[in-house]
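Which chain is which? They are A, B, C, D, E and F, in the order written, and residues in each are numbered from 1.
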Amino acid sequence: MQREVFSGFLGSCDDYEGAAAAILGAPMDQTASFRPGARHGPRQIRSVSEVLEEYSPRLDRDLADYRYADLGDVTVIPGNVEESLDRIAHSARRVFRDRKLLIMLGGEHLVTLPAVQSAAEVYPDLSVIHFDAHADLREIYLGVRLSHATVMRRVVETVGPERLFQFGIRSGTREEFAFARSAVNFHSGLRVEDVAGAAERLRGKPVYITLDIDVLDPSYAPGTGTPEPDGCTPGDLFSALEALADLEVIGFDLVEVCPPCDHSERTAILAAKLVREAILLFSRKQKPGGI
Amino acid sequence: MQREVFSGFLGSCDDYEGAAAAILGAPMDQTASFRPGARHGPRQIRSVSEVLEEYSPRLDRDLADYRYADLGDVTVIPGNVEESLDRIAHSARRVFRDRKLLIMLGGEHLVTLPAVQSAAEVYPDLSVIHFDAHADLREIYLGVRLSHATVMRRVVETVGPERLFQFGIRSGTREEFAFARSAVNFHSGLRVEDVAGAAERLRGKPVYITLDIDVLDPSYAPGTGTPEPDGCTPGDLFSALEALADLEVIGFDLVEVCPPCDHSERTAILAAKLVREAILLFSRKQKPGGI
Amino acid sequence: MQREVFSGFLGSCDDYEGAAAAILGAPMDQTASFRPGARHGPRQIRSVSEVLEEYSPRLDRDLADYRYADLGDVTVIPGNVEESLDRIAHSARRVFRDRKLLIMLGGEHLVTLPAVQSAAEVYPDLSVIHFDAHADLREIYLGVRLSHATVMRRVVETVGPERLFQFGIRSGTREEFAFARSAVNFHSGLRVEDVAGAAERLRGKPVYITLDIDVLDPSYAPGTGTPEPDGCTPGDLFSALEALADLEVIGFDLVEVCPPCDHSERTAILAAKLVREAILLFSRKQKPGGI
Amino acid sequence: MQREVFSGFLGSCDDYEGAAAAILGAPMDQTASFRPGARHGPRQIRSVSEVLEEYSPRLDRDLADYRYADLGDVTVIPGNVEESLDRIAHSARRVFRDRKLLIMLGGEHLVTLPAVQSAAEVYPDLSVIHFDAHADLREIYLGVRLSHATVMRRVVETVGPERLFQFGIRSGTREEFAFARSAVNFHSGLRVEDVAGAAERLRGKPVYITLDIDVLDPSYAPGTGTPEPDGCTPGDLFSALEALADLEVIGFDLVEVCPPCDHSERTAILAAKLVREAILLFSRKQKPGGI
Amino acid sequence: MQREVFSGFLGSCDDYEGAAAAILGAPMDQTASFRPGARHGPRQIRSVSEVLEEYSPRLDRDLADYRYADLGDVTVIPGNVEESLDRIAHSARRVFRDRKLLIMLGGEHLVTLPAVQSAAEVYPDLSVIHFDAHADLREIYLGVRLSHATVMRRVVETVGPERLFQFGIRSGTREEFAFARSAVNFHSGLRVEDVAGAAERLRGKPVYITLDIDVLDPSYAPGTGTPEPDGCTPGDLFSALEALADLEVIGFDLVEVCPPCDHSERTAILAAKLVREAILLFSRKQKPGGI
Amino acid sequence: MQREVFSGFLGSCDDYEGAAAAILGAPMDQTASFRPGARHGPRQIRSVSEVLEEYSPRLDRDLADYRYADLGDVTVIPGNVEESLDRIAHSARRVFRDRKLLIMLGGEHLVTLPAVQSAAEVYPDLSVIHFDAHADLREIYLGVRLSHATVMRRVVETVGPERLFQFGIRSGTREEFAFARSAVNFHSGLRVEDVAGAAERLRGKPVYITLDIDVLDPSYAPGTGTPEPDGCTPGDLFSALEALADLEVIGFDLVEVCPPCDHSERTAILAAKLVREAILLFSRKQKPGGI
């Protein structure tokens, strides 16, 4: 007759051992350069997830058939970027080593770096699919190498440029676009046929998906630190994820939800729905109690 | 040189007798399960309606040629669902008996039930067209039978499943979708050709239209209690209403506008525009003073 | 290195057995007549409590020396007032029977009724101290007997008018004030000497304290459903609570925090500080692990 | 069973003839220099007034014993200051000529000018009591003579400097303060004894009271266009009004409530309470139906 | 190591002489009839412009190759419409005489009038392209001829009806639409082929573009005074501007951004991006230091 | 007829050489542990300062008689605390070396450290007066030594504990309070006589004043990252500053204004007024053009 205080993501449990996937919050926003607040993303995504049903009519699948644990948030250290990233890496590494699917909730985009680095330790032939409005390919930003604006350049250094697939990119410096167009698998738009083409090439290989919520048009996702006009629709994005359904996805993150920028909470609700679909698409199906 | 305090909907009068349509507010949100506040919907829809012109270029019709009274709000009793529904039924029944078009402003979706029940008393062969993100077809919700989450199941019990036409539904339990797909005229999307198909079947029969504002994507209608991502556009919805233009519509409600969730007021403005179009489409044309 | 998802009140544990006090959320706002949203109060009070230190310099006491469990929220049924109150009574009763201090977080003021009724079962000579802007002494409101506007009348029926002590009351009908002034221990202001006088009379007897956050001026507590101007200051209230330090307080509730009305979150932060002081004042001191 | 759409101020009627007082909205903010929005003041003050009781425990009087009509809003012309002021004058003049108490809701402070000018036509020996944070005594502002920043200078030209009593003034230019201190009855603070002293001098003479909500500290009244820190409390202001209870008050305005600046609505609620107290203090008592 | 206080638009300089384009703010909202606040538009557009990159991947051009000065804001006189328009005309005229591109940031739409009038003095065969939700073609509005609702009628009087090209218009009175359809080059939608058709006819002639942000659907641009549902997308608008790339554009304004209506700031960010594209499309390319 | 884009603090100039005081923004919030956003403080304080008059009636002084330059903001590096502090130190050092008064606008409280360190280089016998709700005396916080929560401990290490005077402190750990009470000049409240006592001891010595806006009650200053209930009033604080009028104040900072937490902007307006009074109290009077 009473709800527990446990307030994990919709339908999640706290039985890590028995779960096929693990949700991890990375409430960090230290390198945000315009509007901070993404640190509150994981909390709000969990909080609003209760508005959703566990059943996805689009996929005709139900969370009740899946088993995933919510590990809570990594304790980030305001003012210490490197230590914060180490802690995220530590938590993510355990999930990858246990061969579970990592579902990470940001936080700013820099949190993707320790996750990808940890994943690459466990899955040496890792590829990364990147949905974002921004290229995030700067070599250095304001004098620092670890930043939300450089994170994908660091990812490129980790997995190699040919293993990075970018979609939806519509903002960056002239240099970033030159690099992206020449070195990585770059797409300025988010067309499902392009995504399907990438999926074709990645079949059977371990894949990490990183999704910056600002790939969506700001009308759908106003709650983000650096909104960039003229983005894609939720329908585009759901279709893109479905096009990746058959891949061996070992990690998925959703970053840059910034609650103070959206009083309507709809950015977080959309994020929660994306997480639901990601679990249904990329996690192994399980009966409660078994694996 | 001075405006009256009367602050009814754009262009409305208080001459019920001489009017072909009657606007009624149902400021109830007692069974809201996520974010309450829809009780303030009727007030805000009226208040912002002044931003609109009375002329619709889309329809090339003008409210000046129509006569509709604003009856104000039913006095809802917080904490007494059944009494509140009885009062709504009482007001709605009078409008149906007087063979006027009812335009009801919610409030939560449960207010549709007493309106449909009253309408069915007057129009025994009533059909219901339902635009919504949610199926609202639960048999029971949290132990109660009268809820925004069960309202369409109660409507089914009133008019029969074959008389319910659902459009835009993209959220519900597995059970609700199974029921919807097997028993009622169900459409997960909102395609104008599907709506036109339903119109074909309903020609000449009395029709009640219930429109939950959350059928729209939350980017267009953030001010609602349980926003569901990936909805339709205003253009889709205006076209759908136009496809119903030739039907004998005897009631129309627009529910779930929740002002505290939308500081921009655009949800209420869009609702007011939908109401304007509904009057222009479904009410009889009149010269002021005559019928 | 990682925070659990457990997100109870600052410093709370989930070991009910070993605790001297229990925190219970009652997220109900069904009878709210002006602005709903108090259902979100318990969640926000817990969430923002992390901004506080566990040490109170005013009291020179530290939460580290106390042991109190957070039981989470009662599952309230939107649309079913009586069932919701029964569930609150059920949870509260257990705490009183176990002779622990109940700390209840509202929710609207009606949630006080089941708590007081349960307390009176266990402590027959119970007295109630009531801090509020509103008398809440209506016999009936909009035709219903169970309402935030009638709750203290129902409390009077439970413990007797001479066992009710009201402070800070500055709003009500003429009839309510006539009743209050003639029948109960009524104070329109919140003067510490009056509170101390009441404490003198109540020494050694079981006391339940109910605190409606709107006793404070709306400048300090804008996040409430029915703000009433010209209220007391936080300093007045902290002093009043300290004047009750030596009483045998068996229950304490803090109600009517309504998050959607306060984007600054300071109402909830002030509420959390009041809860901290209440624990430090009214709970038994304990070493972690022992009783 | 149904509320009318009439949404006048709490307890008001639309029977102007039978009323002793008349409420008039002046939704103008054209000369606002910092943050516009006071045009929405009258609407919001009326809308939130329902949160209040009709009984004032402070005064032990009840609106039920008074009869006052709500005339609605003057139609202001955006972009035409002089025409707008003429229209306000026209409506106010009628009320003064009918020897009723005018209760005017602003709007920006400039709306006081036509009201005072009309009052002075009917009551040649009129005095003005002015509560405000700002002196509003500029001779000219940005090249214009009709401005919220010059309004009291124009009032001085209408009634004479010795007939102006200012309280709470804490902002102005060096020149304004020099003028105020030398020419008018000036008080930088709001002490009840000063107000009582003015009342002593004004006994038996017709008095117009103008109250700029920003005389209050912005913590109590954040919803105003030009908030000025370090103001008075609601208690100070209620006491000041009570000190004027025996005067022959023929007009009272409350201006500069700016809804977009206060999402908590508490500024308007406080304004509504001030209006309630003003009616109870300054209007003639009546039984409904009689005079 | 320190930023100057100069806070002009992204990448702008204060060297008017050496610039090919000049940015001018017109912070006026005096004739706004629904929600004021557009006066804050220029400030917010400049402030948020830093979130953008200077490089446009869509156009493959970079602001670094252009030289444009930010002249700051015209000092508008609240309460004096004519003087305010004169001042805008004065500043705009200088820019046109110096044969530089004017980029004007509103402010309400009426600010377009003095700019067009000044432009027509310098470029007698001027044509005007108008993107808007509203026709703004009233002969008179609330008794005044100078209003945001009449501005394009005044423009018609300045350049002639055949020189006005309207796109996206979906709101107006019956009379306005009759006039628009018969007299000017009117398009209710915003189709790129229609825009291209107009471009064809205007090649080689001086063109002034006025863009009311409410031509966009309110989901993309909620921060505007009179939002009108069912508008175009940012993609539509960017394409339309690109279709005008080869024209001799001598002035461009973007009006009706109203910051208080959009806490997410995305309207201003979209406006800033439109300004960036307008500079890249319509200004002459320059190397810093040269012309 | 046109305002420059220069948007410095009210009445400031950009002539550093001729000025007696220099305003410097430090838009940093990297170590914020609860709600970030103080980085936007300097911009908003400048922006809203225009609502104030240059004349202070309380002090009977006018900014027109003072000459102070606004240097703009230090370029802070998100993600690099030490580099950011170095840059602040660099700018502050120059001001101190030039024997001008530094007026620094935060930003989080950690920005005080480089300013005090730079001041102590130039003024070896420096004392620090600290107004704050929080002791900020932790030895270490979350493993880092440079944090808003440790800043005053670092200040103690710089100037010595006997040179630190704390006022208004009402939050901290048990350890911080033990240290504060035993080692520094500690006051939990903000009584003007205590401040005057400190002034007595500091006469003739160089003094740096650091003012955390959260020393005020959150009702006056809701726009701050870690609001702590039960604080002082603006009147208390203005009086305290006046009690320091005769000291040789060489630096003054005002920190922790966090705009996203206060939509009413009143926190920034109050901060701007405090800055105005600080200039009038602590800067040398000058005629424009001379020293």
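Rule of thumb we're sticking to: a contact is a pair of C-beta atoms (placed from the backbone, for glycine too) under 8 Å apart; a residue touches a chain by one contact, two chains touch by 3 or more.
All values reported here derive from a predicted model rather than from experimental measurement.
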item: Co-neighbours of chain E and chain C - touch as defined; value: A, B, D, F
item: Longest centre-to-centre distance from chain A, chain (CA-based); value: D
item: Separation of chain E from chain F, taking each centre as the mean of its C-alpha atoms, in whole Å; value: 41
item: Centre-to-centre distance between chain D and chain A (centres being mean Cα positions), rounded to whole Å; value: 55
item: Contacts with two or more other chains, residues of chain B listed in rising order; value: 75, 217, 219, 263
item: Chains that touch, pairwise; value: A-B, A-C, A-E, A-F, B-C, B-D, B-E, C-D, C-F, D-E, D-F, E-F
item: Contact footprint of chain E on chain D as seen in their complex; value: 29-33, 35-37, 39, 75, 77-81, 83, 110, 142-144, 146-147, 260
item: Footprint of chain D on chain C - complex, ascending; value: 34, 169-174, 177, 188, 217-219, 222-223, 226-230, 261-263
item: Touching residues (chain side chain A, partner chain B) in the complex; value: 50-55, 57-58, 62, 217, 219-220, 234-235, 238, 263-266, 269-270, 273
item: Of chain B, residues touching chain D in the complex; value: 1-8, 14, 24, 43, 46-47, 70-75, 87, 90-91, 263
